[in-house]
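You will see chain A twice below: alongside chain B first, and alongside chain C after that.
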Partner chain A sequence: MRTRDLTGDTAEVVRTPTTERSPVRQATKMQVNDLAVWYGETQALHGVSMDVLENEVTALIGPSGCGKSTFLRCLNRMNDLIQDVRIEGEVTFDGDNIYAPHVDVVELRAHIGMVFQKPNPFPKSIYENIAYAPKILGQVRKRTDMDELVEHSLKRAGLWDEVKDRLQAPGLTLSGGQQQRLCIARAIAVNPSVLLMDEPCSALDPVATATVEQLIDELKDNYTIVIVTHNLQQAARVAGYTAFFHLGEIVEFSDTDSLFTHPREKKTEDYITGRYG
Partner chain B sequence: MEKVGLEKHTSKQFDADLEDVRELVLSMGGLVEQQIADAVRALVDGDGGLGEDVVRGDTEVNRMEIEIDEECTRILARRAPQAGDLRLVIAIAKTITDLERIGDEAEKIGRMATHLASYERPKSAFRQIETLGRHVREMVRDVLDAFARLDSESAVHVARNDEEVDREYEGIVRQCITYMMEDPRTIRHMLDVLWAVKALERIGDHSTNIGEYVVYFVEGKDVRHIGLEAMEKELAKSTRTRDRTPEAD
Partner chain C sequence: MTDRISLTPSRHLKKRYRAEKRFKACCIGALVLAMAFLVLFFTDMIRQGYSAFYETQIRAEVTYNEDTVEFAMDSVSEEVFPLVSRAFFRGVPRQVENNPDLMDTTQTQWLTAKADVDQYLKGHSESLDPEMKASLEQLQADGDVGYGFNTGLFFSGDSKIPSNAGLWSAFVGTFYLMLVVLAISFPIGVATAIYLEEFAPDNRFTQAIEININNLAAVPSILFGLLGLAIFINFFGVPRSSALAGGLTLSLMTLPVIIISTRAALKAVPQNIRQGAQAVGASRWQAVRDHVLPLALPGILTGTIIGIAQAIGETAPLLLIGMIAYIPDAPGNLTDAATVLPAQIFTWAGMPERAYVSLTAAGILVLLSLLIVLNATAVILRNRFERRW
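== the complex of A and B ==
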């Protein structure tokens, strides 16, 4: 994949976002180098490279089957769980390759949390949903510390005021939007630095969506967020940077303002203006 | 960046909506062009009746501005357009503001024409006004053509023509000053003439603005307030980039 900037110079690959914002150099939290993924015989990603900038929201957009979810899942090795998958290339997190043989995947996922499309709270109490992972990972042992962590996580996720009087109620009794924020609180509880979100709002109504988006906005001060969304407006609203995926490649990766007002590539323009297919 | 087009949305209705609003802009432009032609004719021929027609005709220009504005708001609200589509709607919203102002200038000229209808005029000054009027009308027509054909190069060309219009304007002003010095009794009429000529000069400026919106829409570049030279340079740059872009793989 080749692209070019406005001066006519060619760049080899789209890896860092082209940007018209002020040239503040932000730290790179994760780096993906030449990532290729096969499911059996089918190649889902064709040597994709991309920098994920720290304390930014990066949105991945593209039509179904373009590889964006595959890409997201490679960032915390969720694809390891799939049979027949073959992954080549390198993904680094704070400079270390997460596919190196010695890496403890469970610990990795504590650093790089994930929130899924459908809210999936454990069939346990609200309290236990938050406390479960820190307990298993041995991060918190004292009851008072755990109470504090639960409160802190729920506050961070903007859910505390709504549930503080019923922490022992089952998580599944919450509304869809509340459940999704519970899942975000659960992801935050193990103190990750990166949050991956796979269409976190697609099962939510507009009000719950707005709440989650507001939350994403607040979280980016402390976390690096990568979000897959089918909702272009959502990408435009929440993300600082946006990457457009198509047929297993990144076509364009820019600051969101540029991508949605004057994309460089015709394919991007066609997709975001509804001329795709 | 690729050149934009208007069609081929998955939603045919969206294609139709954008096409409709574009047609409206062009017909508003046509109306404004006619207003300028009539106003200049009224002024040059001393036709007070025609001047009054122009003044009345501005109501229709204003009505169209409101109609197109509403249509743009509706598209923004319902379609949430992106990229080229977004730039088109923004460019249209700005274009019609300038078209409406051009309409106001034509109305002003119409009013001056009515005032001056009974005035015995020095022929040569009015011949120059006729030429200036033709030039600004051409600017309006050319810029609307550029808009219709998504042609940013022609749009920049309009800005270049504005320099000629400014020179012609200066020439007429100098001549009016000469008349006023020669015969102070002409001052009152000459002031009216000056108002009308100034209005023509302003129409040139508004046409240049519209040209800038066309460049913004087609190229995704804001070329306002950077001067003609820089504007031409910017345009050459993006044309070069586009020509070199390899075919979609």
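== the complex of A and C ==
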């Protein structure tokens, strides 16, 4: 009973971000309703609800093991790949439940892109890294169109000037920061509407991190971005909204400024001031 | 006040060093012992086998005419006749048939000597018929006895005449056998491994399959021979002694090796490559085909080569399906009776004539060289293309 009360309670409180920032309500891109996830016997998420606003950067913060990565990976059904996972609840994307039986995961993932914690370019050329997905999805057929798309994607990811002379070089010859931007370019090449980022800067040095953060800021005009980060300053810098996860629940979800300056919950305050976690 | 810290080793540390030295000495000792056995084996094989790579030849006038085609023993002089390999006389009519210009001519040729003579001159046997000895000494005095490379060792089939026995039929048999093993166990093995590793759910059933595959790799090979005999030959009616029957049987042995090594190679491809591909909208199969397989390929090929090399060296299962037999002619297709290199060695090892001892050793050297080449290819492939993560 206790859990049910708790989840019901928090769900009411944080289902949409509390905001003092703008009175205008933005469109909701994705909506998560009462999402619960089990890995075998262990429950990782306890009935979480949350709205993801369009063309905004939403950051998910919280201590390790709090369920923020699990939550993120539910948004493009990446968790389906894990054995013994059980997912309950509803996640909508433009109003459609992505866990409905008629939804095809492969189709879904073409619309909701993902960038991983560790840069994972394909062991192919830079060009092939970008061109792969549009090719298999049948989005681009002509060679000239593909050249254009590769150039455009690399430019959007701020990598074009660095690699334009060596597009045929293996993607793995790039530095860590470049590889991560290549992965971002790869993700946006298929023109998804949502971009999920799972600690995209945790393997990067401060300079590369700054570049990626700047990139995120530019991308939000065209994409809805959800980013998991351990770096609180990063959340404060890039995100319009921030959700604080703790033990598989959302403790607080509001616009970033108020979350960091006037946290309503004691736990949030403890976490962001470094007393906890 | 306080004692100065001494940086010279304490008694305890010295003891540790001694233990370390003992351990190192043990390891080196084991290595030296293993190397010694290897060197001993190789020197013995080379010592016994090298003489089979060259042969004694006798220079003689060979007369070709209608009589000698009929009675080939008349084609050389009476003194030379007992010294020359009988295989030459058998070949006279065919020589003339292939080259009609030879008819009614007399040619000076180097002829392969009889095995007795060969062994006598190589010092492997002391005894030789006194008459033959006399004519041999006469020929030697005239400079009509020489040595040449034993092409027959590689280019003629098995023979009951030792000076004519060679590995050709075994080579061809081994080649056919390899083809069959490769054609069957590579696609089936790789496909099985891909399914088990990439698609199959992890449940009791797949675990049972996995355990069985691992056990299969450890089953004594003679049992595969029994299985091959019962299933392929008796049930499906595949011709006995054929490369097809042997290849099918050995495929059963090679399959688990290929499955296990392919699974290991697939497992070594990091998970985030699969996730990256699927996150951009690739299906599971596309992710495997386009990204996982190319990375795993060197490992898969290495495993396959090692599996094939194992199959090439296998003898026991072939006993039961009739491939260890006297096969003088190279098989022309997959269903002809065939033999393979290790089987040929086994056959020769059981022959009574002295000449077969060096032939056996030479066969072992050839088989070993083939296996070394194959395994070296596997190592080179692995080193050149393996990607470390």
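Just so we're on the same page, the second predicted complex is superposed on the first by the 264 of 277 C-alpha atoms of A that agree within 3 Å, B and C clash if a C-alpha of one lies under 4 Å from a C-alpha of the other, contacts with A are read in each partner's own complex, and residues count from 1 in each chain.
Please note the rule applied: contacts are C-beta pairs under 8 Å (C-beta built on N, C-alpha and C of every residue); 3 or more make two chains touch, one makes a residue touch a chain.
These numbers come from a predicted model, not from an experiment.
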Chain B versus chain C as contact partner of A:29, first or second or both or neither: neither
First (chain B), second (chain C), both or neither touched by A:133: second
Partner chain in contact with A:122 - chain B first, chain C second, else both or neither: second
Partner chain in contact with A:246 - chain B first, chain C second, else both or neither: neither
First (chain B), second (chain C), both or neither touched by A:261: first
Which of chain B and chain C A:181 touches, first, second, both or neither: neither
First, second, both or neither for A:114, with chain B first and chain C second: second
Set of chain A residues, in rising order, touched by both chain B and chain C: none
Chain A-touching residues of chain C, taken from the complex the two chains share: 201-202, 270, 272-283, 286, 290-291, 294-295, 387
Footprint of chain C on chain A - complex, ascending: 76, 78, 81, 83, 106-107, 109-110, 113-114, 116, 118, 120-124, 132-133, 136-137, 183, 186-187, 189-190
Parts of chain A lying in touch with chain B, wherever the complex brings them together: 2, 4, 6-8, 232-233, 236, 260-270, 272-277
Chain A contact footprint on chain B (complex, rising order): 1-2, 4, 8-11, 14, 80-87, 220-221, 237-238, 240-241, 244-246, 248
